[in-house]
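Sharing a structure here in structure tokens format.
Chain naming follows the written order as A, B, C and D, and within any one chain the residues start at number 1.
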Amino acid sequence: MAIIVDNDTKLVVQGATGREGSFHTLRNRAYGTDVVAGVTPGKGGQDLEGIPIFDTVAEAVEETGANTSMVFVPARFAADAIYEDVDAGIETVICIAEGLPAHEMLRIFNYIKPRGITMLGPNCPGALSPGKANVGIIPAEIFREGRIGLVSRSGTLTYQIGHELTQLGLGNSTIVGIGGDPVVGSSFIDVLAKFEADEETEVVVLVGEIGGAEEEKAAEFIGSEMTKPVVGYIAGFSAPPGKTMGHAGAIISGTAGTAEGKKEALEAHGVRVGTTPTEAAQLAAEVAGAVRA
Amino acid sequence: MAIIVDNDTKLVVQGATGREGSFHTLRNRAYGTDVVAGVTPGKGGQDLEGIPIFDTVAEAVEETGANTSMVFVPARFAADAIYEDVDAGIETVICIAEGLPAHEMLRIFNYIKPRGITMLGPNCPGALSPGKANVGIIPAEIFREGRIGLVSRSGTLTYQIGHELTQLGLGNSTIVGIGGDPVVGSSFIDVLAKFEADEETEVVVLVGEIGGAEEEKAAEFIGSEMTKPVVGYIAGFSAPPGKTMGHAGAIISGTAGTAEGKKEALEAHGVRVGTTPTEAAQLAAEVAGAVRA
Amino acid sequence: MDLYEYQGKELFRRFGIPTSEGRLALTPAEARAAAEQLGGQVVVKAQVLTGGRGKAGGVKLADGPDDAEQKAAEILGLDINGHLVRKLWVESASEIAKEYYLSITFDRGEKKALFMLTTEGGIEIEQVAEETPEKLARLHVDPLEGYQPYQARRLIYGAGIDNPSEQKQLLDIIGRLYACFVGTDAMLCEINPLIVTPEGEVRALDSKFTVDDNALYKHPDIAEMRDPESVPPEERAAREKGVTYVKLDGEVGILGNGAGLVMSTLDVITLAGGRPANFCDLGGGGDAQGVVDALEVIIADPQVRSIFFNIFGGITRGDEVARGILTALEQIGIKHPIVVRLDGTNAEEGRELLAEAGPDNLHVEPTMLEGAKRAVELAA
Amino acid sequence: MDLYEYQGKELFRRFGIPTSEGRLALTPAEARAAAEQLGGQVVVKAQVLTGGRGKAGGVKLADGPDDAEQKAAEILGLDINGHLVRKLWVESASEIAKEYYLSITFDRGEKKALFMLTTEGGIEIEQVAEETPEKLARLHVDPLEGYQPYQARRLIYGAGIDNPSEQKQLLDIIGRLYACFVGTDAMLCEINPLIVTPEGEVRALDSKFTVDDNALYKHPDIAEMRDPESVPPEERAAREKGVTYVKLDGEVGILGNGAGLVMSTLDVITLAGGRPANFCDLGGGGDAQGVVDALEVIIADPQVRSIFFNIFGGITRGDEVARGILTALEQIGIKHPIVVRLDGTNAEEGRELLAEAGPDNLHVEPTMLEGAKRAVELAA
């Protein structure tokens, strides 16, 4: 199984012929991901080291059966690219591009949600199911197969935790970066629900950070909906109070968004929280051992 | 059972204090419909012969548990009223108002569809489930309880057919006017599917007219999805060719939209079609007799 | 509301869609002046709200002012499918390398807007759809998603347009056409042909434009474009009175409430062996003035020999209609035999009123079929 | 990007939201001139991108030009929560009968815009939310639905505003505020207080306005409103170089890639007994120039005693970072001890490059924890 990306993933890359786009497209393919197509308007008919390039996603889907898209176009073209995916019948959109205007992403989110599309990002590192598929920019070589699900708002911090797990001999079912932008396609809860339903996942590590109320909501969800153990890590205990969005922000979330507050919320729902990535990995190892025992 | 409106209907009327609005609100209540509230901004706290009036639909829903709304406001305010219903959690919207700009209705349709809202109209006479509830302007006194479902694009033509059925001693489960505007909330197919699922309905009479391709689509649906017998009536055999929407219209539907074409499409899927309301009612009587036998 | 070519092009220009320069002319002299101002070759085009004007001789090339004046004189006054030519659009002649077709309209079935683009422009689009459907690129636009550039790309690549300069211009035009469609509450915006000049410039050479009547209140400038003289005088008179009326060719005048019921009434009259003289829908009304207005329009048709009044009350109340009929008969003293059939809300009261106070030429019948038969007999 | 009160009000006015008349003044003389032009009583208001200016003496009533000049002199140069007052907004004084609060912002959790309205304006809205939540009307707006008038009605009735004239004005203002919020790609538009004058006129007396940085390319006019001097000089220097930098109060300079990892690094430094000197995120880059730029900003802080370089490569490649570090050290000859921890994409190659060519003050550590400990030791 694994979640979001796996052996059934048939990937089309939007912006596959750009500098970064082609590097990661080929890297994802080299990992074993079934990269079936690239899309660059005007380059239809060409190929990227054997990967056929199409002018439109609709053509790519029709010709190759692509079901997942990686969006690697500049931010100004990303909204168009995402709508193009939805229209072409793509089921999973992974948007690496960062810097989409928030109002555009707000419309996209509310458009795709009732249509059952799974989206990661914008501004996310993608998803990696070790041994199956890697879609995005996660350095796959530092992860190994296993039964720990990992979900994070932060790219490099995800790698750090994953790396620590690997050092302890643990592997992952899927590593998911949900993205750091104000409005992203999947919340912690969306991904936790998928891990809960995934047979291969035994333990979940949730990597949060200061700001917003997503971790607090996730804590509630874990308390009420999850049977699998969750271990947490929160970054930003020593961060200075960040810039706030005027006065309205804190009222909305009903939380100050501090690392301490998030830790407490998670612990109140039975989630053990590490204060360093190393400690979080060790907790995960303990919990995974207990699950096995 | 019956469909769309029944004994579980708790009706809020938007525009209940207007001249036409109050007449039909009270008429609906006199019939036995559970009219729980009216909404007129600025008149919150008043009442219409005992029906409490609220400023907003949200208040009405909160205070009275209304689940169905009848929209009786002028066309320019109807879109706002419909969005207000959706936002307040109303499940069934029956829009009597006519003359909504088509682009507004297009947005409304696409907004409510994935949200599972049932909508009739705009420009529709409403729905009547004899003996249970009447929401709209259908003259209930000419109908009686029974097992024939009736669905129509036209108001007065619906009454005519219903009247003919009554003359033959037949009654209706529900009479549904879907409305005559270019974009309406429910198609023939939507209503046919509800009749198919309704235990109380044994036979369905479909009342169509020239123009568009809704009857042809309904014919396909009847052929592939319905087990209950359907009798048809189409108005406009002797109508002059109507004004067309430029040249694009006919291409879209792939049909000329003639009464003859619709009749043939229905008959091709086993639907017997009457050429006068009287004949259609007689066919329905025959079919209903066969069902009973 | 349908717009003339020149009006549609004016709206196109407002949204930045390229068109040729031109002038409106109502007389040959104005056509000459227009040609002088424009210079060079011009095309003199009949402005009529119907198709087929080319075949009917309504579009002519003119070499200069003299020629334009003469061509204008030839075209003005033509009858094109029943439409009298009263206006001309005199436009700088375009050299045409290619003719494309582009439109956006409502797909009522899908409940989305529909773009269509093909390189097979200039001819009837139905023909393209039937004979070479693979050349007709179609794409639906979800109104909540709105226009996105990929839609234009799908259309352009789908239609097989591979010239990069044309692609670029079309991408722009398609986006602008969507803005125009939504911004004017249009039901149809059609450009046929959308030409490519020998220099590679893409431009709208014609326009077919329909605006939603229900949205005209938002666009007073467009509402003013309505040309009352474009509809037959009897329909115009009816419209001014708020009555929907279409003249037909028979002897039985028909009046009813609701388009469906009126259409059904036409059918029943035909089945009874008669010929309907008109389609006339009172709508939701039915008060005395509405009935008077409708009757006046119907009896203005000298072919009418009898009148069938077919009313089924819902929002319309039978007693009101009966009073309306009685008042109307008093006011305008109709001699025609009138058959009335009344059912629905307050029908009983209405029938009683008519029975008590009705004049001799008023016949009340209990059913639609019987009423129709009687009206046909009385028209014989 | 946060806007000053006067800039936010300019945008309000563009969308038709009523505000008082005023003038910007950078000197006491300009404040005098503004007061002369405006006439009558004026309010002299410090323009700072922080709250609490009232309590800090940043808002003063002035009776006329003389008084305005004097009040301006008192306010200019004030330090309000670390923000130096360099600009004033001189505005016609308003008589205030009531103070309301109205805002629209992003609810990131619900993924919808959120309106808030209360009659308890003028004070901190957090206090209202906490103490009298029933007085705070809230309503989410689905961006696909867009603004609909019922939303304003729900807010107005929900906040208990029952004066018909106020209702009417608020209905208008709420619709315009939504148009402003969407039309400027704002993240927050807050009016506190939204006053009602004794004459019953509703008007925005203050503005708090945040625009989405990612959308500024669509709004060049708003982008020009950015005041580079509003941020501390060291952050400004970093920003000009494309580096995200926040100065803190410790000794260990920190450089990393990705906000999450840098925050985690601050935590680990703190747990190791050190104090971070800054937050500095290289972002997705890591080329030589990026590293040089970031290091220059960090060592400009005289408190910095050691530097911890914590890189986990993803899109950033370890060998490129290593080359960047080596080039940077060559170019700017840093004397500070530097601890480098490198993992992820091409980390092996990077570590080798550093081991081969690194100067003596460069210490390569295998893990984040060990790197942090070493950096703290070296800062001691």
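Everything that follows uses one rule, which is that a contact is a pair of C-beta atoms (placed from the backbone, for glycine too) under 8 Å apart; a residue touches a chain by one contact, two chains touch by 3 or more.
Quick caveat, the model's predicted, so the values are computed rather than measured.
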item	value
Partner chains that subunit B and subunit D have in common	A
Chain hops separating subunit D from subunit C, counting only touching neighbours	2
Centroid comparison with subunit A (C-alpha atoms), farthest chain	C
Pair sharing more residue contacts (C-beta pairs) when A-C is set against A-D	A-D
Centroid spacing, where centroids are CA-atom means, of subunit A and subunit C in whole angstrom	54
Rounded Å distance between subunit A and subunit B, as computed from the means of their C-alpha atoms	45
Inter-chain centre distance, subunit B versus subunit C - centres from mean C-alpha coordinates, in Å	27
For subunit B, residues contacting two or more additional chains	111
Residue list for subunit D, restricted to those that touch at least two other chains	142, 144
Touch-based graph of the chains, sorted into line, ring, star, complete or other	other
Full enumeration of touching chain pairs	A-B, A-C, A-D, B-C, B-D
Complex contact set, residues of subunit A against subunit C	41-42, 44, 55-59, 77, 79-81, 83-84, 86-87, 111
Residue numbers on subunit B that touch subunit A, as the complex places them	114-115
Residues of subunit C that touch subunit A when the two form their complex	142, 144-145, 148-151, 153-154, 157, 164, 167
Residues on subunit B engaged by subunit C in the complex (per definition of touch)	20, 24, 75-76, 99-104, 106-107, 109-111, 113, 125, 137-139, 141-142, 152-160, 163, 180, 182-183, 207, 209-210, 212-214, 217, 235-240, 245-253, 259, 275-278
Subunit C to subunit B touching residues, read off their complex	51, 103, 105-109, 111-114, 116, 124-126, 129, 136, 142-144, 182, 185, 187-188, 190, 192, 208, 210, 212, 214-215, 217-218, 246, 248, 256-261, 263-264, 266-271, 276, 279, 312-316, 343-345, 367-369
